[in-house]
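Two complexes, one shared chain (subunit A), two partners (subunit B, subunit C).
What follows is the complex of A and B.
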């Protein structure tokens, strides 16, 4: 009996301990937010601790810390606590942190993930703050985070916009004229034919060319951003309508664009998705000199420069009717909806610091990983000098830039689209069947989220 | 002494189990609190062709993997249970892949099966056959993954069998030899029945582990590059755990993903019970 009582006692004790632990955790959180509320009324000198999240990279971490230090010395009442991890882990952890209400007060979001959080009610609507504090015409890309209802959910941290990259040495070797700004996709294909080479050195326009042993592709091509979206849009097609809730995949324009791509892949002028798997990364063919051209965002200059390629960039080709399109991704600062009062104000201070101060913009631009958000800095010598020579092409592309039809279920519908269209790329099903199936499956994904 | 265990059990085992059971009956996107939906997730699951495809792929993987690995590991264990020179070296060599990470194995197998640069295709071309797409071929992907998984896992199962073999008393073999039994006869009539307890353990362990196969397929079908391409090509290697991961973590349908987990649990539970019942027919305990 005594023994039994003892073990029950331990059991009760442990339950009490656990609940005590949980209770303290809760009250701790409450007292903190209470202090924040008081601080709001207390005036500017109130100390604020701001939790700032960003995905880290070896190239940029030191610079980020430098800018954080600068911000703290300008705002002595704000202490920044950083939370960073590599891209994939960062976003996975973020989801669970949001669930546990311990997410950062503001974080750097991949541009294609902003609506994922905005439409699920996690982010703060920045429209009034932007209207009040930022002159929209001074910046690139504010509108790339605007939703179908005209609300802004983020302020760009850096812009990625795509152009056509070409390897000059390969063009010289094959005696092909460099791409011009007047090229159409058909001009590109004609050049690609002269630039695609097999392992015995024969080009694709030679009848002895062996397409099973390609050692150099004319153009490398991968998924949406650096692949099909540009072609579809410049042929007058696209994926979603302007409400971003309805698929417009099954159209004659898309069929025409798809025929262009499939023909190129069947002739191995472009690698098929399964060809690409032979490379360590989908981004590898151009910097590893296995492709003469690529559709590439600004960040790809880093690898091309590191590989010491003799390359340049120009505008992406036009469609048959002269239409142009350049995909854009605005990686952005977003603010947690739960960051209220002094914390919310401090978070906005950071966003303003980043976007408005020339010094900060220049420092970040010096890393060469994104086009600066502030137009005056993007147009300065600091940005435009250096390799590639024609950096102006990135800025000129803003004239016909568009987003990747990004919405709350973006990665899912892109997956469904790829599943179907990749079969057409491999020559397993005809293009019109791929479009029809993609249309049905993408619409299902959209309906499941938007028609709830 | 029981307190730390209880805390662990209540918070990390019972708590998470009950939470996932609750999520499986709700609409839960991780970012917002779950909403009760009754059986919706389960109804959707049973009407979803991708689920059936993933279930079939999982079964196919298991049916190929478990017998192949068990038989080969047993043969290997018997071979390495003899008095050989450099015995420890051989055992060690078979155990090395077990402790290597899947990422390393991925690079090794890529050197062999890469369609452009691997030796498998250079060899096929040399002997006049057509090159294959290997892991990018819908029909080859699962058999190839199974072969690689057997190669990696066999050392571990071999060690379990070795332990079992060392418990077989040598006088039984001596008696059989006096009766004139040959090597094969001894293996079939003495070794196999006397280590059936070990074999049973191996079967249960490897069935459960293949049903939960994730890392290998995720890494080897390109998940590290792009989570949505894991399980390819064209979902030919999409197993239940990869499907669960994509639904729950990539597409934020944690309620649906929890339903997949519970269905997986029920299947494993039933399979284990069936194996337990069958063991009476063939497993001998001393």
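What follows is the complex of A and C.
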């Protein structure tokens, strides 16, 4: 009797497993035929449903919906179904959707993540479409999505480019001249010395200055974009070579740049990563009036304006040989490789609508989140007016702008690089040792992906 | 007598001080929700907001459909709690009292699944719900609870095992079948455990981020945590509004706690009798 029950149990278990398998197998077949069905429908009735993914924010969602409505009224055959998530969850979800073959037809990608999806074969190559429909000279930053083989994987939705922010009140109080476009990083440090203040009000160039009680930093400094990459590159260094598969970390130029940073942090003119922990966020020191200067992308004007700072911006300083570098992040529209036929055409229509129409560009620019992609709009009075006064500096910086050595494993190598270099920043290991270790570990990350 | 009084005073001082320490972070949150952005990021921090920004709370309601988010959260949470109580107690009853083949092995398997991190399960779940056409609906969020989750099974089974067999034997003599025993004997005797599981499920579901973030795509289907997170955006924090929204989303949890408290007390009382 007992034996019989045992075999029954096994039987039931196997039935469950088999039906589970069948269920998943069926679902695959269904979804494929479903997609095909939609495509056919598009051909006949010219009706297309487009799944559009973007990360939401309280400020921009209404504007996005407004633009979507405008697009739909201009293209009555296209219905847009939006898929939005909070920024951090968006990419977590996207990875799940890609694994389950139900990613949106096109989505807004963080600029630094475009190669991650492109090199894993998820995105459509936009090179022929861009050549056909977009005049490259009319736009900023198309090339920031170009890979080492000259292919384009996305069209920028808005551009983040870094300049030097400075708090005028703090400069006035310390009687220091405002930064100029001729500054070198050493000029910046000399000014930072006069602007770094301890809690008793003594500046860093005073012998009684207590560097353990800093209440105001000369320059706030955080991670890659608004931190080390800008300095490394203007000193002639960098992280990856032009193929973006090989580390060039251990060089004399990088050593020189790193020495500049570490010296600044040891003297507390710049906050170390652990100093930043005492702030509401890593971005907080400048808007909360605890730093006189920052390397900041365009979006940082939002917080600076919200905090009602008396501030302005100028070009980032030059390196010792006169080289400049301004990091760029171009959040971009990318199209799913699986969006073919009518769907693919509709997706490209949306990208064109976004990039080419002046009105759309102006509407989006009015949110103040990014520099418009279209040069004519970026150069218009509408964009250039308002705070900060010298917005022109953002546009002038395009002359020496570059990406953050972005490739398919960007997040991973930035993590490794930060782990090592932060130890040098905290004074735990010497700069050359940090560079050497970072070089080995970053190369290992690169090899794991590219040497397969 | 005097000594007794000094002792009392000392005792109360300790209690008041430690409860102040506990309340501080909460008060900080309340105060932060009433600051402007400039006040919020001020260094050194200004504890009490001046002037008080009462309109932060009104602003939150303008920044997103919070009524809709709340409704969604309530639907998911209520259905989840009912489902968890129903399914977990049924399964637990079977594991605690019924005789069937491979019982202990199956129970071990159930416990084993507790060790799988949710992140690993999310892709298979996504695939399953996609094939059932349940994505971007609230269903996947609560239906999972109707399929008996291991923690609840374990909790209920332990409670059921503690009930002396004499009760059900006498019930059997009176002609009860297993369902009746479950319904008339086990359920009433384990109220505190039910309350515990209900509160636990409520809290988990109310605060859940991963599953709703993955399964939901339309704004009108978002639950509260996702709604609050989606206020932030990539570049701008809106921190003071998020704090205000988070505080408002706390109110139902507080209510549930106040309501369920009496069951906790009951639980400890009956433990004393046994």
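The definition used in the following text is that the second predicted complex is superposed on the first by the 407 of 452 C-alpha atoms of A that agree within 3 Å, B and C clash if a C-alpha of one lies under 4 Å from a C-alpha of the other, contacts with A are read in each partner's own complex, and residues count from 1 in each chain.
Convention: contacts are C-beta pairs under 8 Å (C-beta built on N, C-alpha and C of every residue); 3 or more make two chains touch, one makes a residue touch a chain.
In this text, all values refer to a predicted model and were calculated from it rather than measured experimentally.
By the touch criterion defined above, A:89 reaches subunit C but does not reach subunit B.
Look at A:289: by the touch rule set out above, it reaches subunit C but stays clear of subunit B. By the touch criterion defined above, A:205 reaches neither subunit B nor subunit C. Of the two partner chains, subunit C is the only one touched by A:306; subunit B is not.
In the superposed model, A:60 makes contact with subunit C only, not with subunit B. Of the two partner chains placed by the overlay, neither subunit B nor subunit C lies in contact with A:243. Legend: residue contacts after superposition of the two complexes on their common chain; A:281 is shown touching both subunit B and subunit C.
In the superposition on chain A, A:99 makes contact with both subunit B and subunit C.
A count of residues in subunit A touched by subunit B and by subunit C gives the higher number to C.
Across the two superposed structures, the residue set of subunit A contacted by subunit B and also by subunit C is 88, 92, 96, 99, 281. Here subunit A touches subunit C in the complex through residues 2, 5-6, 8-9, 23-24, 26-28, 30-31, 53, 55-61, 82-89, 92-93, 96-97, 99-100, 102, 110, 215, 279-281, 283-285, 287-290, 299-300, 302-303, 306-308, 331, 369, going by the rule given at the top. The touching residues of subunit B, counted against subunit A in their complex, run 2-3, 6-7, 10-11, 29-32, 114-117, 131, 133, 135-136, 222, 225-229, 233-235, 249-252.
Taken together, the subunit A residues at the contact with subunit B in this complex read 7, 10-11, 13-14, 17-18, 88, 92, 95-96, 98-99, 116-117, 120-122, 212, 223, 274-275, 277-278, 281-282, 409, 411-412, 414-415, 418-419, 422-423. Residues 37-38, 40-44, 63-64, 100-102, 122-123, 126-128, 130-132, 135-136, 209-210, 213-214, 217-219, 226, 229-239, 241 of subunit C touch subunit A in their complex.
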